[in-house]
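One chain, chain A, appears in both complexes that follow, with chain B as partner in the first and chain C in the second.
Showing the complex of A and B:
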């Protein structure tokens, strides 16, 4: 029995080393892809500022950039946050590294295909709403739609595999009722459930369902592709947002799982599972399936009750944000000697951005508000708030934490503060220009603004200045964290 | 054997891709495109009317919404059915002169306002309240044609013009709707009127009735929506995903029990 325990421990330690390597690889991918995809965003704002009109007269590059920027950053957020969650989860359950590595390889293949499509100026927008990918009007070659479908299929398989692996790993140690913390509902706290396991279980189940919706969506696309006949765009739009909305929500939930497990190492105060947390996350598991209806308020063919469900579910999914995570985070920092580093600052500010953007999201999910704001830049304003200064901050915090933990290299405090200040001022200034544009009815998805809303051009110019601060902050981040990354890699190889 | 299977698979996939390249039915490039001109401001040109008056276009649209139609007096094609259809439809729907004006303009420089009115009478469209017939100066006509997306081409052999049948709905000097075709039904006209009034007009291309897997079916008579098979695709992921998760945990339960019995064989 003693031998088995030792071999089990060795196997467990080996698995953890694999997870560390995997996390480092994804950290490098984040540091490589985030600047590239971010620069596409810079390009778009520059285009809207009309300073690139002569250099890039072909407007199709704007829409191709819009497509890759959106798809790429949503995918990158989902994958890196997933790996961040696995990194902390691997302390509680045994994951099969082979499956995770295989999924990683497939993800890279999918990304390469999307980049090829970008170079071919595939530009149906990052929602790729059916049937637009097939109707290019000469804007992109018809075969790019095929490449896109292959990319979606490859990414779908990759992510479904690792969601299934996540479920398997959790199920190997916990029963469903334990993993969802139902015993807390009966007043029992044994076995103690780490918050990361609770959130990971919710994410695994919701993730599998979302990816099944993606499979159904893909089938409809393929029916069109191989028969040449139309399918109902409303069904496909529902499925697209079912998949897409749940996926981006999961990205944030992954980051929260990482936050629950990591922030206590900076605050010195444990973040434990409690009854409100269990109730909130169980509600999320159910409600997140129906919140996506708020993307279809403009589709009047949807019955009124569907829109009502969409608004209620959207409000309902904010429970963990408002009640559990934000209050929990405040309890972590209030009158406590928090060790403020680059990682902990970014994690804290990421939660702040998520909360601010979350309020914007709830407002946007209100039918009366959405009716006015839906097609304005107010929409990118709120999702850039919870993605750029929310989720991306948390992911940058994850890589800063990971490299610090694995390398043990001392942090340069002044540089870390400069990075945080630049990202914070640049990030909020950038999203503020979106909010102000929205308030002035500047439409979204416009490469150039018509005379009626030419104030959008002015806001784009100001936004550019803030983006430059973000770029500078990101450069300093790459210098600081990149240095640690190489040290962490060397340390891991040596071990 | 493997090579044969690969070839067969390649042929199957390649054939499928080629077969699937069936182009979708696009719009006729000769027909005016509403999307290109909607919300465009109209030039405020001077119109010579059949009652002898001269008026600017803004005098029409400042009073009430304006419906603009381009025809010519010698037309033996689409002008007659379009005007007749509009006349019949406005009689059914009502509101001419109260809710909107109709301005029939000639794009033939040889036409006079009187000739245009005679042409209308000849085809059974007598002058009525809210209807006006007129002509504009050639350079003003060019501005109007450019703004509205209308076009016409002389056909030398027949002394006719090739042109589309087109009505332009104008609110406060801006184009809010372009109707293209030889007729206008009361349903279409009511939608145009709502647009001219500034009401929100919902539009959604209805899928073919034979289409399988639709979300809903809509009965235009009763206004009722009913679920269709497409709903299965929306609930399917949940109906499969939740049982799959439960199954996963059931299979995990066996593994958990096995690992416990490994550690403690008496269990």
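Showing the complex of A and C:
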């Protein structure tokens, strides 16, 4: 930046202010939507506990909640983590705020359409497995499938646009080989590559490929919609899971990019790009394309070699995560005078959730294990571990960090500790009931449990108690961070 | 196959270990001076940790790949055709292609002789379903997806007589949780049930 002109510097500073505003807006969206979507989860566990049978006799509300809860939280995780990554990336490259704002607006349109569909009780599940959206056995109006396809198209355009803008911004400063750190493989460290740029490049490439797969998936849906003839469901299933799997993995990777850039401000030790990190993230870019096969292990019609590749790729993606990021996180704190705040605690503990959930995921990505665990509650067990007590912890850490940084408001230490304790105990207790249910063969996505697996009802009741702790922790979080958010907003306006 | 509770205990053991490691590292920050040597010490663990992970995952892979549930050219003792449709399963010794055949087959509760290797040929007549076989104790024995236009072949051997339940393991609509089917595993099937249901010997 040394050669930057005065007007260029002003433009850069203006862009950073825009990114701060954008980050604050998304922080507010997280604080608004996370509790709502979380309460849908609470509703579902209460329904499975059979305590709402009289109050809500219509089971369609359960499955509509299941759909919006899943779609909403995957989308929210992806978008907020993306903005968190952009927030730190904007210190290194110039992003065009107009594009990001436009994508944000389109995302809001897509979300509104999904909410309308929820009210119409559209309920094909979060991955809307073809051809279910069109064949509901009278479960939801047929036109809701059309609304849904429009929503997916709008969200797809929004996200493809900001992924392309991300790649453009990186390409304006780094060549592709530099941005992927290939010069480190040759022993050169010039130019020095900030980790956030490396991860953002990997994410942008994978994200664009995933969104193109979504376009192909959408075309298949449209062919069915306008011709009425069935297209190949196995092909659509592959496209759906490729898109969905990569998208949710990207959400975690965005959060890791934010972590690399932010945690050193608490530990006092830089988190720099080095050869192992470059190798790890280039491997991730390759492996994440094939790991999704584990979603189709129980489709015996898939070629056997594809299933073997799925197991290898799923195991493979865990190695860079553990050896580079988890170990790197531990190195950041080991015998260092870490400044423990709400933000740093949540970021640190978020990586623990990622690791613990990752173990559950690796076990389930073993075909012989998946034979007994596929679509049991083991699946939401592991993904709620790395999403709720992993990624969501990190996103709450992001907003806590952001609002603290922009407002300068002092943290209430006791309250921060109470928040962390409640979220931690409540979160792990909640997912433990999923794991136990999965180990007892309880199916996922059941509004009520049949006699063969009625133990699922007991686990749902116990889970509810832990969810209440999470709700309390979240309430306290909103009080503490909401206060900072308003101060940060006022400070930003004043500046 | 791997027993679900054993898998749970493996996860629990590693999970608790991870929590203890994180707790001890967090505690190490108390009164710490932040010397570079400590950071370097963790960095030196990277290579052995990498090798450890490769070995553990390699062993798990080598142990489990031969146990994949996919057809390996076995010759079944019995063949059962399974059709799935919102929100019911139908089982028959003959393939089920039409609505009429589905209604007829879904009225039967087949009997399967104990100890036989059974091949289930599973398909769907509408959306995706999951064909999950639960033993008399409510334990999931195995499963495969039921997909329109495809036939998935699942091999299971039933050593224990009793009433087996089929539950749907792929979300298929608002009555997904009540979609079910079943069959009985018996020492010696009655002649009626054999002629009505399975008994298609290979």
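By our rule, the second predicted complex is superposed on the first by the 491 of 495 C-alpha atoms of A that agree within 3 Å, B and C clash if a C-alpha of one lies under 4 Å from a C-alpha of the other, contacts with A are read in each partner's own complex, and residues count from 1 in each chain.
By our rule, contacts are C-beta pairs under 8 Å (C-beta built on N, C-alpha and C of every residue); 3 or more make two chains touch, one makes a residue touch a chain.
Small disclaimer: the values here were computed from a predicted structure and weren't measured.
When both complexes are superposed on chain A, chain B and chain C end up clashing with one another.
When chain A is checked against chain B and against chain C, the one touching more of its residues turns out to be C. Once the two complexes are laid over each other on the shared chain, residue contacts for A:185 go to neither chain B nor chain C.
Once the two complexes are laid over each other on the shared chain, residue contacts for A:228 go to chain B alone; chain C is not touched. Once chain A of one complex is fitted onto chain A of the other, the partner contacts of A:112 are absent, as it touches neither chain B nor chain C.
After overlaying the two complexes on the shared chain, residue contacts for A:238 are found with chain B alone; chain C is out of touch. When the shared chain is aligned, chain C comes close enough to touch A:308, but chain B does not. Of the two partner chains placed around the shared chain by superposition, chain B is the only one that A:142 touches, whereas chain C remains out of contact. Touch criterion not met for A:275: it reaches neither chain B nor chain C. When the shared chain is aligned, chain C comes close enough to touch A:375, but chain B does not.
In the superposition on chain A, contact is made by A:204 with chain B only, not with chain C.
None of the stretches 99-107, 153-161, 225-233 or 243-251 of chain B clash with chain C in the superposition except 99-107. Overlaid on A, the two complexes show chain B and chain C touching the same residues of chain A, namely 131, 135, 230, 232-234, 299-301.
Per the touch definition, chain A reaches chain B in the complex via residues 1, 4, 131, 134-135, 142, 146, 164, 167-168, 170-176, 179, 204-205, 208-210, 212-213, 215-216, 220, 225-228, 230-235, 238-239, 242, 289, 299-303. Chain C meets chain A in the complex at residues 1-5, 7-8, 10-12, 14-15, 18-19, 21-22, 25-26, 28-29, 32-35, 38-39, 41-43, 45-46, 49-50, 53-54, 57, 60-61, 64-65, 67-71, 86-87, 126-128, 130, 132, 134, 138-145, 147-154, 165, 167-178, 180.
Only residues 16-17, 19-24, 202, 204-205, 207-208, 211, 213-216, 218, 225, 230, 233-234, 236-238, 240-242, 244-246, 248-249, 251-253, 255-256, 259, 262-263 of chain B touch chain A when the two sit together in their complex. Contact residues on chain A toward chain C in their complex (touch as defined above): 59-60, 63, 66, 123-125, 129, 131-132, 135-137, 139, 230, 232-234, 237, 268-269, 276, 298-301, 304, 307-308, 311-312, 315, 318-319, 322-324, 327, 330-331, 333-338, 340, 348-349, 352, 355-356, 359-360, 362-363, 366-369, 371-376, 378, 435-436, 438-441, 443, 445-450, 452-453, 455.
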